[in-house]
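Pasting a structure below so you can have a look.
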Amino acid sequence: MSGFLALYIFMLAAFTGYEVIARVPVILHTPLMSGSNFVHGIVLVGAMVALGHAQTPVEQAIGFAAVLMGAANAAGAYVVTERMLEMFKPSRKPGDGA
Amino acid sequence: MSGFLALYIFMLAAFTGYEVIARVPVILHTPLMSGSNFVHGIVLVGAMVALGHAQTPVEQAIGFAAVLMGAANAAGAYVVTERMLEMFKPSRKPGDGA
Amino acid sequence: MSDWISILINASYLLAALLFILGLKRMSSPRTARGGVVWAGLGMLLATVATFFLPGMHNFALIGLALVLGGAVAWVTGRRVAMTSMPQMVAIYNGLGGGAAAAIGAVELWRFAGPPQGASQLSNAALVAVSTIALAVLGSLIGAVSFSGSMIAFAKLQGWIDRRFVFSGQRLINGLLFLLLVAAGVLLVWGQLSPQLVIAFFILALLLGVMMTLPIGGADMPVVISLYNALTGLAVAVDGFVLQNEAMIVAGTVVGAAGTLLTQLMARAMNRSLGNVLFGNFGGGGATSEQEIGGAQKPIDAADAAVMMAYAERVVIVPGYGLAVAQAQHKVWEFAQLLIQRGVKVRFAIHPVAGRMPGHMNVLLAEAGVPYDLIADMDDINPEFPNTDVALVIGANDVVNPVAKTDPSSPIYGMPILDVGAAKNIIVIKRGRGTGFAGIENALFYADNTRMLFGDGQQAVGALVTEVKMVDG
Amino acid sequence: MSDWISILINASYLLAALLFILGLKRMSSPRTARGGVVWAGLGMLLATVATFFLPGMHNFALIGLALVLGGAVAWVTGRRVAMTSMPQMVAIYNGLGGGAAAAIGAVELWRFAGPPQGASQLSNAALVAVSTIALAVLGSLIGAVSFSGSMIAFAKLQGWIDRRFVFSGQRLINGLLFLLLVAAGVLLVWGQLSPQLVIAFFILALLLGVMMTLPIGGADMPVVISLYNALTGLAVAVDGFVLQNEAMIVAGTVVGAAGTLLTQLMARAMNRSLGNVLFGNFGGGGATSEQEIGGAQKPIDAADAAVMMAYAERVVIVPGYGLAVAQAQHKVWEFAQLLIQRGVKVRFAIHPVAGRMPGHMNVLLAEAGVPYDLIADMDDINPEFPNTDVALVIGANDVVNPVAKTDPSSPIYGMPILDVGAAKNIIVIKRGRGTGFAGIENALFYADNTRMLFGDGQQAVGALVTEVKMVDG
């Protein structure tokens, strides 16, 4: 990838990330933090590539640690986010209390 | 540019365009339409490239028309947008009328 | 061409793309909107200058000539034209952009279709990837449709074509036209790249744009122009892929997406769906579903109306299309200022679809210098009408028509309206008994607390100004 | 590796990136938030499966083992942990992500630093572009800082480190550490790529993360975690450039940008600036600016309080940190439902910084099953307090402290508060005379229309439930 294409992608992705969550209400701050924490769990893919191409034992060891941590990031953050968001049930319109 | 990089850029630019204007109030619809009309005046750059590489007279003629139209798009839309937006003066806080 | 020049050029394009995005972002908020277009303008300047330094460019004299000619004519026209003609100017400049995009595609297709250049024995078409031809075809198609469609939209708004152009079987013919175009496009991409076919393809595409736009009523044009604006953006992006120019790709795509959203927002503000605008019937023609309304319209003269407002506590002014026709915005603001000096609390209430384009009234009032914290939109002002002493309706009709709430058979049924009827007194300025855009009667004008001040908007408000000045002698 | 497999892999990555963005978008609106994480989860699954099919991959057994091990442990822990420990779980998973990013950089740097492989006579470092080494160094740096910093944040929230760790000259030492790191990084990029230097570099980076985080108070941790979250995103994006993996670039950058914005939003909701959080003094320690407040706190017993609310027309419940400590959310909802059944209009008023993390109260109330249209935020509820018969404050203190409006020397001066004092009657549940997070007295508790219901939140509300049930016998 040419350097400039990389910069274009970087610029556009940054705008997208910024704008997409710009209207988040305060009550979703913590779940959204957790959710974006999950999204960078994509580091797992990089870790798999690193371990998949590791040759020396040292490389394998670090690569193994990388996959271990990446998988934990992805799996853990998913569960935690899901548990937090599960609680935002759509309202049951109690009517008499609003 | 590889096809997939192109798709990434397309996807991200589309998100950016969509989100960046998502909160526009009704009063700015027409000026913003004009402003985005100006932005696609970048077609001028493509027209210049086309004319700059034109070889046969036919190519030159079409290329000339392209630059002519592209320049008109850019210049005209700029002036019109500017005139419309010029009118959105920041309020002079009349206080007694609000 | 040394390496750092190419880096500088690429950096300029990147910066231009960034400035475009930031500019659009600023343009979508009232406080920053004015700066936004300047940012985008700087980006355009940068990109244009950088392009001169691209490697392998020729024909500099021609480029310069076309640039100066096209730019200067458009600049001067844009400066001179009346504020009320803005929508058609947007249409025409957008059409030219679409035309430029189509022409770029044409140059490329023509080159591919031409005789072999240089030493090669293969045809040019065989040397370029199928995907490149396909993209050039797509860009040409969208650009050409946007070009001819926008020109028709321009002609309609300018009043050169003043009727909708409808005949039976129209949809069928348009459908056939579209199929033909697709067939020609497919042929172009797979091997039959001849100059004749290229020409036929462009003629068909231009025709499609014309045919698509002719049946649409003049009043729906803002939405249609916005749609063509998005299409031009898309065409530019596609051309960007053909020419491998990232600034075009990014700017074009951004406009394509933003324009699509904007089109939807506009249609929604007018309470229409996009499909309804493009293929529907209502709009421009004037559906007449006349009803009988009891009572009579009770006239008032300017002196009485002026006194009523001069001693009111709260006055809400509701401008409509008639204000734009009469060019009465300056007079209205003069009148409002007189009231404000007397301690009257004055606000302007703007319905989202008042006038003939979104933001029409805001633009006119802004032109006259009305500060925008005096301007309220529908949702904010509606709860305040019951506390309003006088609602002054100037050349508005449909947007204050209570039938939208009461009669399901009315063409504007369901459209939210300004609740003017709730005010203590209502004064309506209009020339006579003319209906508005939807062509229907308005019970508000017959209400007990409504008085009609008949006359051209400009003159009637002028009379109010004179009378108010006389109130204290 | 046939061509269409590589297309499928790339398409999976593209789709994953799209799903991530759409997922985040959905997660930022209450109605769609639950679906959002599922979308993102599908993206992750797709990307992970696709990666197995990349050309030239080895060590599948190791990959599978690490994947299952890391995933299973984290999954089970995440399922089991108490809802109140969510912030520290986010911290630890974020730290692990940073660690993974650092480890990826480490593998690459180690390879570059190692002896020549294959037939080449050149060192490995000479074969890769300087920019690639620079990016690997940058990714490692950010990832490592995020790793160790998040771990300290975890330890603080978990209560393992319960004091801020401040000493004089701290900033100087951190500054020196940073300079050393930069120097080591520059050496790595320009030629001195030895295994020893790589190890030293990582030790320094880990140390910096620890040193940066130690002086920050536990209560500021949510903001700090959000910052490290953004940093991990950035590290992932940088690694993506090293590995030429677009999904990583896009997802990482999106998180980096979204996380940066979120950090600012969080700091703003707490009325702090980011600089203040990172380098300030207030926070966690408890600045004591005790004042004398006239009057006495007037106690009430549960029976009287229950009767008062049972016969009220409007009751607003204001939960605070004490509710979370006492885990009283379920009891409170039970109580509110009893009132609602009696025809009382009950609403919950949530201050943006009530509790110890943004959205803390919302999460707890949601957990207990309170529908979110009963929950009002500060701006909506404040105008309604004058019409409120009883405001029931449960374990809240700072967020209802009127000193924020009156005393410029108070540490919370300027923070908008819930206007509880305007209600006709106020009942406050807390254990005793303990101060809140900011460590200051609260004049509200001494007001004429305030009654104190002393006791642990859970028990006090439990008593209210019992008493309300007895009201009608």
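Worth a mention:
Per-chain residue numbering starts at 1, and chain names A, B, C and D are given in the order in which the chains are listed.
Heads up, the rule we're going with is that a residue touches a chain if its C-beta (ideal position, glycine included) is under 8 Å from a C-beta of that chain, and two chains touch if they have at least 3 such contacts.
Please read these numbers as outputs of a predicted model, since none were measured by experiment.
With every chain reduced to the mean of its CA atoms, the largest distance from subunit B is reached by D. Of the two interfaces, B-D and A-D, the higher number of touching C-beta pairs belongs to A-D. A straight line joining the Cα centres of subunit A and subunit C is 40 Å long.
In whole angstrom, the spacing between the mean C-alpha positions of subunit A and subunit D is 14. In this assembly, the C-alpha centroid of subunit A lies 34 Å from the C-alpha centroid of subunit B. Subunit A has residues 1, 5, 8-9, 12-13, 15-16, 20, 22-23 in contact with two or more other chains.
Counting partners per residue, subunit D has 21, 246, 250 as the residues that reach two or more other chains. Listed by label, the pairs of touching chains are A-B, A-C, A-D, B-C, B-D. Those residues of subunit D that touch subunit A in the complex are listed here as 16, 20-21, 23-25, 27-31, 33-34, 36-38, 40-41, 44, 47-48, 51-52, 54, 56-60, 62-63, 65-75, 77-79, 81, 83, 86-87, 89-90, 92-94, 96-97, 99-101, 103-104, 106-108, 110-111, 114, 117, 131, 222, 225-226, 229, 232-233, 235-237, 239-241, 243-262, 265-266, 269, 336, 340, 343, 345-347, 350, 352, 357-360, 362-363, 366-367, 369, 371-375, 377. Of all residues in subunit B, only 1, 5, 8-9, 12-13, 15-16, 19-20, 22-23 touch subunit A in the complex they form.
Contact residues on subunit A toward subunit D in their complex (touch as defined above): 1, 3, 6, 9-10, 13-18, 20-56, 58-60, 62-94, 96-98.
Every residue of subunit D that touches subunit B in the complex is listed here, in rising order: 10-11, 13-14, 17-18, 21, 246, 250. On the side of subunit A, the complex with subunit C involves touching residues 4-5, 7-8, 11-12, 15.
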